[in-house]
Every structure is written in structure tokens, then in C-alpha cells.
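Below you'll find the structure I mean.
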Amino acid sequence: MSKGIKPVRLKYTVIGRRSTLLSIALFILFILLSNQFDAYNQSQLANIATLLIAVFSITLLTGASGQISLGQGAIMAVGGYGSALLVTRLGLSMWLAFILAIFISALFGLFLGLAAARLSGPYLAGTTLVMALAIPSIAVRFESFFSGDVGLSVDYGVPPTWLSNLVGEISIEQWSLYVVLPFTAIALFAVLNLSNTRTGRTWRAVRDNEVSAALSGINIARTKVIVFVCASGLAGLAGALYGFRGLVAPSVYPTDLSLTLLTAAVIGGLRSIGGAIFGTFVIVFLPDIIEKITANIEIPETIGNYLPSLTIGILLLLTVILNPRGAAGALEHARHRRKH
Amino acid sequence: MNLRKPLILTVVASALVGSLAISSVSASAAGDPGVSASEIVLGMQLPQTGAASPGYNKVDDAARAYFDYVNSKGGVYGRNIKLVVKDDTYKAGLTITSASKLINEDKIFAFFGSVGTQTHVSVIKDINRRKIPDLFVNSGYSGFYTDPKKYPTSFGGLGTYTVEAKILGKYLKEKYSDKKIGILYQSDDFGRNALAGFAAAGLKFEAKKTAASFVAGTQGSLGLGTQIGQLKANGVEIVIIAAVSSATAVAYATAGALAYKPAKWAVISVGADATTFQTILGAKGVPLATSAAMLAGTISASHAPAAGDAEDDFVKAFKKINDDFNKATGAGKVWDNNIMQGMNIAYLATQALMGVGKDLTRAKLISYLENNGSKLSSAAFAPLGYSKSTHEAFTGFWLGEYDAATVLKPLDGKRVVYTTDSGTGAVTVSNYKRPAIAADALPKVA
Amino acid sequence: MTSFLTAFFSGTAQGAIYALVSLGLVLVWRGAGVVNFAQMGQAMFTTYIASQMIQNNYSYWTAFVVALICGAALGALVDLGLMRPLTSRKNSKLLNSQSMRTTIPVIASLGILGVLKSLAGIFWAGEERGFPSPVAPNAIKIGETNLAITGFDLFVIGAVFITLVLTTIFFTKTGMGLAMRASALNPEVTRLSGIKVGSVRTLGWAISGTASSLAGLLVTPRTNLSPNTLDLLLIVGFTAAVVGGLSSLMGSVLGGFILGYVISFVNVYSAPENVFIAILVFLLLALFIRPQGILGSKEVRRV
Amino acid sequence: MLAISNLVTEFDSVKALDGISFQAKPGLITTVIGANGAGKSTLLRTISGLEKPSSGSIKWQDQELTSMSVESIVRSGIAQVPEGHAVISQLSVAENIELGGLFRRRSFRGDLAVATKEVYELFPILYERRNEAAGSLSGGERQMLAISRALVSRPKLLLLDEPSLGLAPMISAQIISIVNNLCRATGLTVLLVEQNANTALAVADHGILLALGKVVADLPAKELSADSSLRAAYLGY
């Protein structure tokens, strides 16, 4: 990757300042939001901050380089198991384990990327889907190591006393947000920089037309592998944070998780980081909103039960039909129109 | 992927507005959450949709029906019992989220009857850390109950898989010592717990010879035939099934197709719901009489009366309440083991809440269950194990055989309840006598 | 030897169904350049329709035919209502990018899958139910020995065989079949020959819908029907299609049978728990060793 | 009669055709010549409906083609032989020919057999190789096949896009002369796009010279080929 960035060092610093500001802005906004929230919504916010990192990985992979993965959940599982094993078996600190999870899953992404570089479009989609199905079953197959279905019980622990002394009593939910948020901010910083530098432009060239990208001297295969490594690192970090909500087990990283993440990215806009944030808010809060709306309406239980998944499915279809670029694309479109 | 400030601001602003609208911060009164002068709020997590939901999605409606009945009789010390149910689709990620919602937004007093080992394991630590009672978990995983120091607030709602397998295993090993015994299990925590229980009873199985398995949730769609074919080829005469009821039905049908007729089937109670068995085979075109004949002679174990035992007082009472109070429609209301289990734990919960008295707190409830829990009664013929040293529920099972009318009848015409623990303890005969249900079907506490 | 025969027969019967699924996927991929991840969702839905009809006392065969027709209709509807407007849209910037043209339909099909599953959950309460087989599923006997193959297995193999023969005749002997092959190979020349490529594609979706609907009807008697039961079949069918080359109809059928044997032999000689891992390993091996598939041609496959 | 007026076709707001107007008279060969990128192929593709014009009109026998689909345009009697001997190489020769007449198989089954026989008579080599894959043919044979595929639909207007491209001079001359004979014998209207202006003008009745999407000359073929200044300015010889 360093080779790709070097020639644009100058620009890098300029962009670096903007993305630093935006990342800090995100951090502060989440903290401000959380102060308005009850404990449950604080935990939802932490959930968003966690999943956001995974959705960023899709923004990179699919939005910026055009590779579709239906198996990000499985890569999250790699990060989750990696960090949980480091903590439970080797007694490492949670923080160190999170950082190592990035490397473990990036390494996994390297192998995956080597395979993926040979694949395009539906081949990649299908292969990653099979992977999403197979990886959890590895945890069951090698039960003595991965603890099977029951999984590895891990959590964020309790807030350290120095922090409580500093800012007053901290609930478990708030603590989970505080643990996740720095990582989310760093992930945002990383994604912003990656996408705005020459590396990002290289990726987009590959996305838009492999042949002409190759003609302009871009090493397609290497570019794809690099994207995979970066995206896997992000997904693995998200998976580690997601697992430390309480459990690392196959049922935490089901196939649906991968599809949910993709849905968030698509609804918000595959190519927009703001869209990724929006989409993640939607998928996390939508079930609650539907529950609020239907609380006072008498509807049969069966319909009520399936309403969230139905709504998300319809939302996905509407997005694809009305504006495949998602909410961000629609917003830009509207702004564009107003100008004229 | 360009990020303009207005966009991120729009996103955050709309998120702010949206989430303010849905957050409801209510000041909690003194005392534990979820208890007021007029209400006790309980929370339940179970798969209401998704691959693991069939059958289990009836448990919540049954429990609610019983609570509604209690409420119609004036509730518990004037408090109505409200059951808030969350669908976790059997995915632990959602279980964690919905547990937080039950705790922080629905302000539940206690968790009640949560279904599923794989999902409950994701929240049990947190629930216990918050000292919230975790009543009558619908999981037979002994790891939740046998170490109250680890999980002081969790109490079982089923007999453990290990206890059941030990009792069933001992019987089969003695009765059929001259026969080849094999097992078909689903390869998940449930199946493997059962395997461990049988091993404790001295029944060991050999892969590809006497042990066959399938991936849980696939219901054999990837080739159950080959697995059962292997049991057949190896001359297994007694087949134990440790799988959910819908898979049991498929297993019987598959064996039938292969002309494989073991001398005896033995099915772990989780997988031996006659209604599910017959419904599934019925839809496969097997007439009721035929599926009844297929099930007849099958050995199973139970802690409670058979759902089909129309003579049992508890069954009669619960069935009536199900008819009158269950708001579910269609298949969700059809009387079966799942509904009886839901009613029975609701009966237990009502009893425990009555037992604690008017001044209800979480700590008092837990201490009541530890000190008096073993004296609680229910439809079960087996005693409850609750004590300071274990939080296992029903410590015993009786063994029976399905008759031609799909009712599980005690072996040799006499109901003998065996009891043991989830460890290495011996299997003994229990002399527990089940107290009768009162005429008003409400539990009575001394 | 017995276990070998068991694995072989079971693999053949299972493989026949995978072949159907794989065929359905390839039909749509060749015709429209879309991998339809909703395919088995459609099949699940039509199987529920059949199941509902049987519950309402219609005969099995009426329900069977209605399910196949519904499968065709659903396939056509997916194309007309969603895929055609989506893939023909030129003004969207996102679709101008090469990779997005294949990505967006994949996402759309996932949306359909989600909606179909939710609707099945609402209509049929997500209940797990059995599904009948038209012939008694009894083991076939030769003399006194029971073969590890049942009458129903033979029915499945027969039904798939007839489907494959009909498909072959359709593609090689009829004008519509020629139009369909031509549309898949070179849409522009086909349009210039006065053929409504759009309608031909819709027909491809309909045939694919029928084939997968048939797969649903044939697989559920062996297991149970629920909104999620057929998900696995899609994944196996997809793997079969890739192994077969994704662009070759014969290859897809061959791939289906190969997958049938792989799964069956893993079941017998290893353990069912290893099946998913085996599928992944097999898929990766297939992609590395022969990325164009057993019968795929190199030029069609963009690697 | 084909009448084109003020036709504009854009790609990403670059005008490939910039207000083209001309007419092609029935029964005659009209050739469109011009340098690479003059817009010749775009013109043919716009007529056959493969590209949608942003403005202007294409009238064919009192029908407005610009709003019609490719299929309807073909069915109204216009057949295009696309650039680069476009045949479907995985299909057999016979299948390629069959494809061209497929849309007429309901209403003109009898005539279809006649038309097929006629093209085989026109190109006997195709009959010999009818069961082979089209991909195995030589360049000239492929061009013959592409023309045959167009002819079995019994077009009234034949759009030929660079038929001599990449072919040996002798073979391209042979193909063009066959088209010429066909036109004279049957009254077929031909619109022939060629880079090789000499060959085209030799057989054509009328010539249209395109440059950068505009018509710079619309003259009888003889006059056009005689105008050395035009040739020098636009064709470079």
C-alpha cells in the first residue's frame, strides 16, 4: 500500500487534517447523542458504532473497488474469535486483542483476497456466501478449540475507576460506547484517507473498468488484494468489538449478519461514508421504530414478527429501484436539482 | 465516496431527531424496576421467526395465556403479571440487543422462560451481573445452573439434557444389554450434551457405526438418508434420537423409506412432541393413524404429564386455560408439549411470586427460590432441584412408551420417576408425590 | 461396499436436485447476466403454495402443476418488475461502472429473497411443515436385498431427467430455444435479427423459476418446509453452477451431480458436520484449478 | 425511401452525429463514406435503433423510426449487418441463418424456406459448411454469413457496416459485387458504410460524405468520386 500512497504525500496531509476533524466530529456527536439517550439507546449507539466499522469495510470493498462480498459477517467472526481466544486463552488485554484482531483478519483477508482477485461479480458473491456458511461450522467442528455453539464468553468489563472518578458514574452501556467509539473514529479516519488518496482513485478505476484500469498501468490483482486486506481488517475489528458485547459464537455471526451489513451500505449509498452512517442508523433503529409505531395498532402477532425483515427487504428493493446510489445518492441528486 | 459536511450533518441531525423520538426515559420509582402496586413486568426472549422458531414460538403465547388467567383472577397481590416478549430469531447478536431493551426500556423485573442455549449464553453473564432474576430458562444446558456462584440469578425451566440422558441411558443399557444401541443426534450443544449424558450412563457410541448425526437446522436436507442408512447397515437395533421434534419426524420417515425398522426407538423429550410429529408427517401425506402407529412403542422420557394425557388434572386445567386465554391463532394455539411447558413455567413463576409475598424485590425472589424452590410444585412429576448449591429445575424424569393413541404411557403401566444430577451422581428412584392442582388452577403457597 | 452404494445412490438422487437448481441459476446468468440469489426463495414460496393447496384438499398433482406455473410466473415477475428496469437503466451513474452492473442485481435479488421469506412467514406463520411425495418413499428391493434407493429417489431422478431432456430439446430443436441461446451469446446480433431479447430473457427467468420450483417440490419431501429450508440448496446449487462453468447448461447439470456425490460421500465417509467446510474447500479448489469450470469456455468467464 | 433530417446522436454530450440530413432512394445503393470517427457506424446504429438519437427524425416508408425499438425496426423491413462480420460464433452456420428469419417463422413459414434456399444459392460455401460452428469460418465467409442472416428476413433496406473491413481485396470485391447484383435484381435499397471510398463509390448510385458528424457532401457517386478536392480534404488521398 505504501507504494500507492507515496507519490501523493503532499495532498495526504491536507486530507489528513479534514478527515481528522470529521473523525473527531463523529466522536463528539456520538458522545453528545448518547447523553440524550437512555441506557438501551446508548447500547444501540454502541451497536451502531461497532457495525459502522463493518459497513465501512463494505463501502471500501463494494463502493470503492466494486467487489461484492456476502461474507463480511464471516470475516467479523475471524476477528471475533481471534480476539476472544487471545483474551480467554492467553489472558491478553482486551485493547491489545482488538488491535491484534485487525491483523489476524487482515491476514485472513490476504488469503481470501488472493482467491478473490481471480473472481469477479457473482463468483465472488457466491464464494463469500459459501464462506459465511462454512466458517461458523468450523467453530463447531473444532469444538475443543473454539468452544462450539456455546462459544467464548467475553465482554467489555466494567469501566475503570479513574474514568468513573473523572466523569461520574458510568453505566455498562455507556462504557461499551466509550470502548467502541475511539475505534470507530479511527476507522472513519482511515477510510476517509484511503478513499481520497491516489490509492482510492486506483480502486475506483478498477471498479469502473478493469480493462482501462489495466491499460493505464494499474496492477488489477494487487489492487484487489490490497482492498480485501484493508476491508478485512476493518471487518475483523468490527467483529471483535461485536463479539465483546457478550459472546463470540457461531450464532453471533450468522449469514444474515453479512446481508444486514450489505443492506445498510446499500440503503445509505454504497459509495458514501455519510451514507454508510445513515444506513447503519436505519438498520439498527428501524425495528425499534416499527415497534413504536405498531405498539398501539392491533395487528396479528405473525405479521408483527415479520414486519422488520419485510420492511428492510422492501427498503432494499426501493433503494435499488429508485436510486441505486442510496440515500446519499438521492440527497446529492436533490441538491443537484435545486441548483439548476 | 465523497463526504461533504452538510451530508454528515444531515445524517447526524436526522439520527438525533429519530432517536429522540424513540427514546423514552422514565424515572424509575424506588425499589426494583418492573414492580409497581399494580404490575409485575417479566421479559422473555425466544425465536419467534427464523429457522429455529417452529414449535418454540408457541411457548410465549402459552405463558401469557396463563398469566392473563392469573390476572383475571386478581393477579398476584393485586399486581397483574405482564409478559414482554422479544424475538431474537435465534441469533445471539439480537439477543444481546433485545436483552438491553428489556432491561432498560421495558424495565422488566425479571427475565422469564428464555428459549435457546446458544442465544441465552450471550446474555446470561450480563443478566447475572445486574442481579436480575433469570427465571426458568427453557434450556436443558446444565452449564447454566450447576454453579450458582457463577450465575446466581439463573434458574432452569427444564430438566437438563444430561439428567435425562443419564436416566434414559441407564434404562436402555440395562433393558437392552443384548442389543446394539445407536444414536442419531443433531450436531449442536443439545445433541452433544445428550451424548455426554449417555456416556455418563455408560452408553458410548462409535462414529459411523452406532452414532449418526446431522447438522442442526438442516433437518436432514443434506442427506439424512446416508446417516440412517449407516445405522441400518451396522445392524443397530435400538435407535436413540436426540433432535428436535420436526427432525424426529423426518428421521422416522427416512428410516421407513429405507425399510429400516429398529426394534426400538427412544427419543429425548425435546424431540418427542407427538403433535409436531403427526402434523409434519400428516403434511407429508402420512395418515394420522399411520403416523400414530409409527410412533407407537417409542420410548421417551418426561418430567411432566404427557400432553396427550387427557386424564391428568394439570393437563385438563391448562388445556382449558389455553382454550380460553391463548390469543395466538391457528397452529400457534394447538395444544402440545410446547404449550404445556409455557403454561407450566408460568404456573411456577406465579407460585414463586406469591411465595415471596407482597414486598417483592429481586433479591427476595432469588433467595426465596434458593430456600423454598425445591418445595414449589407444578405439573411435573419430578421435584425441583433449586437450592443454594444448584439451580437445576426438574431433577427427574419418568420413562414411558407411546401408545397407539400417541399418548406417552408409563413403562409397564406404572409411573416411576427416576432422579439424578447433572454430574456423576447415581440414578435413583424418586419418592416425590406431585401435589394436586387446585380447583381454580392457581398455585397455592403455604 | 454397502456404504459406497449408499453414498452413490443418495448422491445421485441429491445431485439430480442440485442439478436443477444449478440449471435454473445458469439459465438466468446466461440470459440476463444476473445471479439470482432469490431463486430458492421463489421455490420456497411456490412450495408453500402447493402445500397450502394440498391442505385444502386439492390433489397432489394439481398442486404440483400450479406450483410450477407459479414458479414460472414469479420468475417472469421478478424480471419484468425489477431486473429489466434495473439492467436497462442507462442514466444512472452507478450502473455505468462495470462491477456495479453485476452487483446491483445481486443486491436486488437479495432484497426479493428477504421479502419472500417475510411474506411466507406472514402467510404461513413461519411454521415448519412436512410436504408429501407423490410416490411411496419405499426402498427398492432386488430379491431380498434392499437397495439404498427409494421409489421416491427414482421419481426424483426421473423427473429431473425428463426436465433435462425437455430442456435440451427446447434449446436445440425449437426456434425459441435458438433465440434464447442467441440472446445469451450475443444480444445485439439477436436484436438485429428482429428478436425481442427482453421477452426472451423474461422467458428464461420463467423457465428458471419453473426449474427451481420443481427442485423445491422434489427436495421438501425429504426434509421439512420452512421459510429458510431452501437456503442451503441455493448455496449448493450455486457451487455446482460455478464448478460447471456458470455459462454452460450441461456443465451446470454435471456440476450438480458432482456436488451431490461430494456431499453424499462426505456424509458417509466423514461426518455431516464437515459438509459445509467440504463445500467451501471444493469450491475454492474448483476455482483455482479450473476457474472456467468443467465445461465453461474461457472467453465467457471474466476472471 | 429513407429520409433522415437533422439527426443528432450524443455520447456523454459529445455529438457523434451533429444534425445529419439526407435521403436514400429506393432500389439504389447509397454509400456513406468518411474517415474514422466521422460518425458512419453511429449513423447506421441510430437508424437500426441500437442508439437513440437526442433529436431529429428518421422516416422510413412514412414511419418514424426514432421512437421504435430495434426489433420493430427490423420487422419493418430494415436489416443491419453490423461491423466486424458479426455472427454468433458458438452457433452453427445454419442456426445463424435461421436466427435471421426467426421472427417471420409464424406468418411466412413457406417463404422462409425459400429465402434460406436463396441465400445458400447466393453463398454456396455456406451450404457446404452449414453444420459447422460459425466461429470456424474464415473472415470472408463470416461476412457472407452475416449478410445471409440479414437477407433471410427479406429486408427492403439493407444497412451494411464496413463489409470489407479486414478482408482481402479480392474477397471484399466479391462480396460487394454480390450485394450490387442483388440490389439491381431485386430492387433492394442499400445503405453502405465504407471506409474504403473507392470500392464503395464504384458500385454506389449516390454518395454521402461525413466528417465529424456532419454531412459535407451529398452527391451522385460519380460526382463525388470525381471531386478530388473533397477527396483530398476528407479522405486523405
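We just call them A, B, C and D in the order they show up, numbering each chain from 1.
What we mean here is this: a residue touches a chain if its C-beta (ideal position, glycine included) is under 8 Å from a C-beta of that chain, and two chains touch if they have at least 3 such contacts.
Quick caveat: nothing in here was measured; it's all calculated off a predicted structure.
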Among all chains, which one's averaged Cα position is nearest the averaged Cα position of every protein chain shown?
-> C
By mean C-alpha coordinates, which chain is most distant from chain B?
-> D
Just curious, how far off is chain C from chain B if you go by their C-alpha centres, in Å?
-> 37
Averaging C-alpha coordinates per chain, one finds the centres of chain A and chain D separated by a number of Å equal to 54
Please compute the C-alpha centroid of chain B, do the same for chain D, then give the distance between them in whole Å.
-> 76
Residues of chain B that touch two or more other chains: which are they?
-> 48-49, 187, 215, 332
Listing for chain C: what residues touch at least two other chains?
-> 121, 125-126, 232, 273, 276
Going by residue number, chain D touches two or more other chains at none
One finds touching chains in the pairs A-B, A-C, B-C, C-D
Per the touch rule, the chain C residues reaching chain D in their complex are 175, 178-179, 181-182, 185-186, 188-197
Chain A-touching residues of chain C, taken from the complex the two chains share = 29, 34-35, 37, 82, 85-86, 92-100, 102-104, 106-108, 110-115, 117-119, 121-122, 125-126, 231-232, 235, 238-239, 242, 246, 273-274, 276-277, 279-280, 283-284, 287-288, 291, 302-303
Provide the residue numbers of chain B that touch chain A in the complex, in ascending order.
-> 1-5, 7-8, 10-12, 14-16, 18-25, 48-49, 61, 87, 89-93, 96-97, 100-101, 103-105, 117-119, 121-123, 125-126, 129-130, 141, 143, 187-189, 192, 215, 327-329, 332
Which of the residues in chain D come into contact with chain C in the complex?
-> 48, 50, 69-71, 74-75, 79-80, 82, 86-88, 90-91, 95, 98-100, 102-105, 149-150, 153
State the interface residues of chain A toward chain B in the complex, per the touch definition above.
-> 22, 25-26, 29, 33, 36-41, 43-45, 47, 59, 63-64, 137, 140, 143, 148-151, 153, 155, 172-173, 192, 195, 200, 242, 245-247, 249-254, 256-257, 271-275, 277-278, 281, 285, 288-289, 292, 300-302, 305-306, 309, 328, 331-332
